[in-house]
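Please go over the structures that come below.
Consider the two complexes below, in which subunit A is the common component and subunit B and subunit C are the respective partners.
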Partner chain A sequence: MESLIWGYIYPNEAEIQWSILIVLYPYITGLVAGAFIASSLYHVFGKKEIKPVARFALLTALSFLLVATLPLVTHLGHPERGIEIMFTPHLTSAMSGFGYIYSFYLIVVVLEIWLSFREDIVKMALNSRGWKELLYSGLALFSYDISEKALHDDEKFAKKLAIIGIPSAAFLHGYVGFIFGGIKANPWWSTPLMPLIFLMSAIVSGIALLILLYLASMKLRKHAIDHKCLHSLAHYLWIFLILDVTLELLEVISMKYESLEEIEIINRLLSDKIATTFYGVQLGLGIFVPFVLLLLVGIMKNRETLKMIMISISSVLVVIGVFAMRWNVVIGGQEISKSLSGTLTYVPVFFSQEGVLPAIIILVIPFIILFVITRILPPWKDMEEKV
Partner chain B sequence: MNLSRREFAKIGCRIVIGATAGTAMIESIATNGIAAENSPKGDYNWKEHYWGYLIDTRKCIGCGRCANACKLENNVPFDEPVYRTWVERYRIVNKGREENVTIDSPNGGINGFTDDIPAEQIKKAFYVPKICNHCENPPCVQVCPVGATYSTEDGVVLVDYNYCIGCRYCIQGCPYGARYFNTEKGTADKCTWCYHRITKGLQPACVEACPVGARVFGDLKDPESPVNKILDKERINVLKPDLGTKPKVYYVGLDREVR
Partner chain C sequence: MQPHLKRAFTLLAIAIIGFIAVRALIVPDSFGQNGWYRGDSVFELRNFPVKHAEPVSCGEEDCHKTIYSIWSSAGHKTVNCETCHGPSQEHVNNVRIMPPPANDSRDFCGLCHFKRAARPSGFPQIDPETHGENLKCAYCHNPHKPWFV
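This part shows the complex of A and B:
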C-alpha cells in the first residue's frame, strides 16, 4: 500500500472513491450522445448518405442508454436510496439533475425510434399472426394509420424531436463533464472546458462505435457495405477528432503555460501516473493515428477494402482512446492528492462490487440489448431494398 | 335525494380531492413546524450560537492525543485509514541551496511521530492539526445531490446518515480531505465538532484532549468566547482561502507550505 503512495496525501485519501465503474459512466453516456448525434446528421441535417445507419444509430443509442444508470447505482453506498435523486433533488448539486436529464432524454430517444419505425411496425403487425401480431400491435399502440399523410406527419414530428434531441444529447453529456469540471477542489478536473471536451470525445466515440457496429452487422448479415455511408461517417469522425484534440490540448497547454500552484503535481501526474494512458493511448493511439489514417482515407482514390480496413482500425483506436480519456480524467484526478504534495495509485480489483468484473458485465449488456432490439425492429430495410 | 351517476361521481371526486389537499396542507404545516424547531432537544437553541474553531500551530507538539480521542469518542474505526481529525508534520530540510519539504502524518499522527531525519539537517519543523473546516460556503453541501449533508443554524456541517445515498461526490468536492467513506454505514462521514457534546455545553473531544491548548473551540456570537479573544488580537489565516469556501477553522502561525 505504502509504495503506491508518493509524497504526502491527506490521510483520508488513501482509498480511491470513484472506481472503474465511474469511468464507465461517462464512457457509456458518451457513446449514447455520439450515436444519437450521428443519427441526427440524417434526421435533422438531411445528410442522405448517413441514411443507411440512421435508424441503427438510434437503436445503438437506446441500447447504451438503458444501461447508463447501472454503473452509478452499483457504485452507491445505498443503491436503494438512489431514487431520492429524483424525489428530493438538491438543486445546487450538478449531480441532482441526472435523473431528470436522463429520463427526458430516454423519452426523446424512444419517441424518435418509435416514429422512425412506425411504418414497419404497423406493416409487421398487419402481416403477422399469433404472439408476433400482439407484440407489433402493442408496439404500434394499436394505431394502424400509415397513409401518406400520417407518415409525412410522423416525419415532420420526428425531425422536430431530433432538433430537441441534439441539445438534450449535448446536455446529457456536457453535463457529465460539468460534474467533474465544477469541482474546484480538484485542479485536474476544475476547468470550464471540461463539458466541451466531454462532448467532443463523446461524439467521436459514438461515431467510431457506430462504424464498428455497422461493419460488424454487415459482415454478420453478409450484406454489401455502403461505402458512401462509411466514408461519410469517417469524414465526420475526422472533423470531430480535430475539435476534440484542440480542446484537450488547449486544456493541458494552458495549465502548463499559466503554471499555477498545482502545476508541479499536474506535471507529475502527466509524466508519471498517467503518462502512458494520456500521451500514449488517449492522444497518440486514440487521436493522432486515427487522424492520419482518416486523412489518408480522404485523399486515397478507389481501394475500397484498404480504406475500410483503415477506417476500422481508426474506429477501434478511437473507441479505446476515448476510454483512456475517461480513465485519465476520473482515475487520474483521484491519483493526485488535494494536498498538491503527493500522488497515489488506483489498483483495480477484479471481483468486487466496484471491480473489473461488474464493469465488463455492464459493458457487454448493451450489445446484447442491441442484438435483441435489432431482431424486433430490423433497422436495415432501406438497404435491403437497394441490394 | 336523487343523484344521477354523473353527479355522484362529481361529488365523489370533489370529496377525495378536498380531503387529499387538506391532509397535504396539514402535513406541510406540521413538517414546517418541525423544521423550525429542528434544533437539538433540550434547552439548546441553535439560533443563539455560531461555532468557530481555532488552531495555534505554534503550540502543537504532535502528540496525536486529539486524533486518538476523536476516534474513541466518535467510533471512527482504528483499523481503517479514515480520520475526522489528524496531525501533519512539516520538516523543511536544507539540501545545499535547495529547500526540501517533507510532510507526513503516519496513522493520522495518532501514535505520535518518529525521528527519521537527523535533527542537524532540519532547518524548520512544525505540526499542523487538521479538521473539517465547517466552511461557511461548503462545497460538500453544494454538491450533495439529495441534500443529505447540510449546514446547521449554529454553523456546523453535518451528514444525515439515514438519507445519504453514498455517491461520494462530497468527498470529491471537499478541498481539505476532511471527508471519508464510512464502509459500515455505506455513507459519507466527517467531523461534527462533536455536535453531541457542544450542544450540551461541552467541548469537542479533540479540544479537551489537547494538552497544550493548541485547539480552541467557542461561540463566535459570544464576544467573551476564547476563540473570539484570540481572533481579536492575533493574525489569522485559513486553509486555501482562494477557493472561497470561507472556513471557520482559523489558524495562528500557518506556514506557506501548508495546504
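This part shows the complex of A and C:
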C-alpha cells in the first residue's frame, strides 16, 4: 500500500473510488454520441455518401445506449437505488440530470430508428406469418400506412427529430465532460474545455467504431465495401481528429503555460503516473498515427485495399486511443491528491464488482445487442445496394 | 398528423404519465418537508433509544471520580470514555447492567497511533511491526494517562 503512495495525501484518498467502470461509462456514451452524429451527417446534413451506414449507425448508437447505464449501476454499492436519481434528482448537482438527459436521448434515438425503419417493418409485418407477424405488427404499432405521403411525412418528422437529436447527443456527452470539468477541487479535471474535449473524442471514437463495424459486417456477409462511403467516413474521422487533438493539446499547453500552483503535480502526473497512456497511447497511437495514416489515405490515388487497411488500422488505434483518453481523465484525475503534493496508484482488480471482468462483460453486451437488433431490423439493404 | 405517429406519441405519453404515477407512489409523502430528505426520518431517528451517556455521567456522583480526574487532565481527554468502554447509557440507568468490556486490542489503538503518511509528524505514531513486540499497548501504556508508562 505504502509504495503505491507518494508524498502527502489525505486519508480519505487512499482508495481510488472511480474504477475502470467509470472509465467505461464516458467511453460508451461517447461511442453512442459519435455513432449518432455520424448517422446525422446523412439524416440532417444530407451527405449522401454516408447513406449506406446511416441506419446501421443508429442501431449501433441504440445498442451502446442501452448499456450506457450499466457501468454506473454496477459501480453503485446499492444498484437498486440507482433509480432514485429519476425520482428525486437533487438539482444542485450536475450528476442528477443524468436520468432525464439519458431518457430523453433514448426516446429520440428509438423514435429516429422507428421512423427510418418503419417502411421495412410494415412490409415485413404484411409479408410474414405467426410470431413474426405479431412482432413486426407490434413494432409497426398496428398501423400499416406506407403510402408516399405517409413516408414523406415520416421523413420530414425524422429530419426534425435528428435536428433535436444532434444537440441532445452533444448534450448527453458534453454533460459527461461537464461533470468532470466542473469539479473545481481537481486541477486535472477542472476546465470548461472538458465538455468539448469529451464531445470531440466521442465523435472520433463513434466514427471509428462505425468504420470497424461496417467493415466487419461486410466481411462477414461477404459483400463488397462501398469505398466512397468508407473514404467519406475516414475523411470525417480525420477532421474530427484534428479538432479533438487541438482541444486536448490546448488544455495541456495552457495549463503548462499558466503554470498555476497545481503545475508541479500535473507535471508529475504527465511524466510519471500516466506518461505511457497519455503520450504513448492517447496522443501517439490514438491520434498521431491515425492522423498520418488518414492523411495518406486522402492523398493516395487508387490502391483501395491498402487504403482500406490503413483506415482499419487508424480506426482500431482511435478506438483504443479514446479509451486511453477516458482512462487518463478518470483514473489520472484520481491519482493526484487534492493536497496537490502527493500521488496515488490505481491497481485494477480482475474479479470483483468493480473489476476488469464486469467491464469486459459490459463492453461485449452492446455487440450482442447489435447482432440481435440487426436480425430484427436488417440495415443491410442500404449497405449492400449499388456496389 | 399520420395515425401511426399519433399512436407513437400516445405510447410515449402513457410511458411519461406512468413514470409520473410510479414516482408519486414511490417518493415518500414527507420527502422535501424540511429539505432534500424524508421529513419523517427525523422523528424515526428521535425515537431511537439513547445509547451513549457522555463522560460527565461517569465522573459525577462519585462513581468513577478518581479515574475521571486522571483522564480529564491527561493527553486522552479528547477521547471519550465510551470510545473504548462502549455505549453506557444502560449502565448509567441501572448499575447492575455492565457496559461491554473495553476494547484494548493493538489494532484499536492503532486506528489512531499506527504510522500513516497522512498524519501530522508531531502526532504519536508507531510502526506496529517493530514497536511493542506484539504486546497489548496497555501492557506498558496507561490509556487513561498515556505518558504514564
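Note that the second predicted complex is superposed on the first by the 383 of 387 C-alpha atoms of A that agree within 3 Å, B and C clash if a C-alpha of one lies under 4 Å from a C-alpha of the other, contacts with A are read in each partner's own complex, and residues count from 1 in each chain.
Operating definition for what follows: a contact is a pair of C-beta atoms (placed from the backbone, for glycine too) under 8 Å apart; a residue touches a chain by one contact, two chains touch by 3 or more.
Bear in mind that the values here come from a model prediction, so they are computed numbers and not experimental data.
On the shared subunit subunit A, the superposed partners subunit B and subunit C overlap sterically.
Of the two partner chains placed by superposition, only subunit B is touched by A:Ser93; subunit C is not.
In the superposed model, A:Leu111 lies in contact with subunit C only, and not with subunit B.
By the document's definition of touching, neither partner reaches A:Arg129: not subunit B, not subunit C. Touch criterion not met for A:Lys222: it reaches neither subunit B nor subunit C. Of the two partner chains placed around the shared chain by superposition, subunit C is the only one that A:Phe157 touches, whereas subunit B remains out of contact.
Legend: residue contacts after superposition of the two complexes on their common chain; A:His78 is shown touching subunit B, with no touch to subunit C.
In the superposition on chain A, contact of A:Arg375 is made with neither subunit B nor subunit C.
Of the two partner chains, subunit B is the only one touched by A:Asn186; subunit C is not.
Residue contacts after overlaying the shared chain place A:Ala140 against subunit C, while subunit B stays out of touching range. Between subunit B and subunit C, B contacts the larger number of subunit A residues.
Shared contact residues on subunit A (touching subunit B in one structure, subunit C in the other): 7-11, 14, 88, 90, 342. Taken in their complex, subunit A has these residues touching subunit B: 7-15, 17-18, 72, 75-78, 81-82, 84-85, 88-90, 92-96, 98, 179, 182-186, 334, 337-342. Within the complex formed with subunit A, the residues of subunit C that make contact are 2-5, 7-8, 11-12, 19, 23, 26-27, 31-32, 36, 116-118. Note for the complex: subunit B touches subunit A at residues 81-83, 86, 88, 101-105, 107-108, 130, 139, 141-147, 163-169, 171-181, 185-188, 243-244, 259.
Residue ranges on subunit A touching subunit C, taken from their complex, read 2, 5, 7-11, 14, 86-88, 90, 107, 111, 114, 118, 140-143, 145, 150, 153-154, 157, 342.
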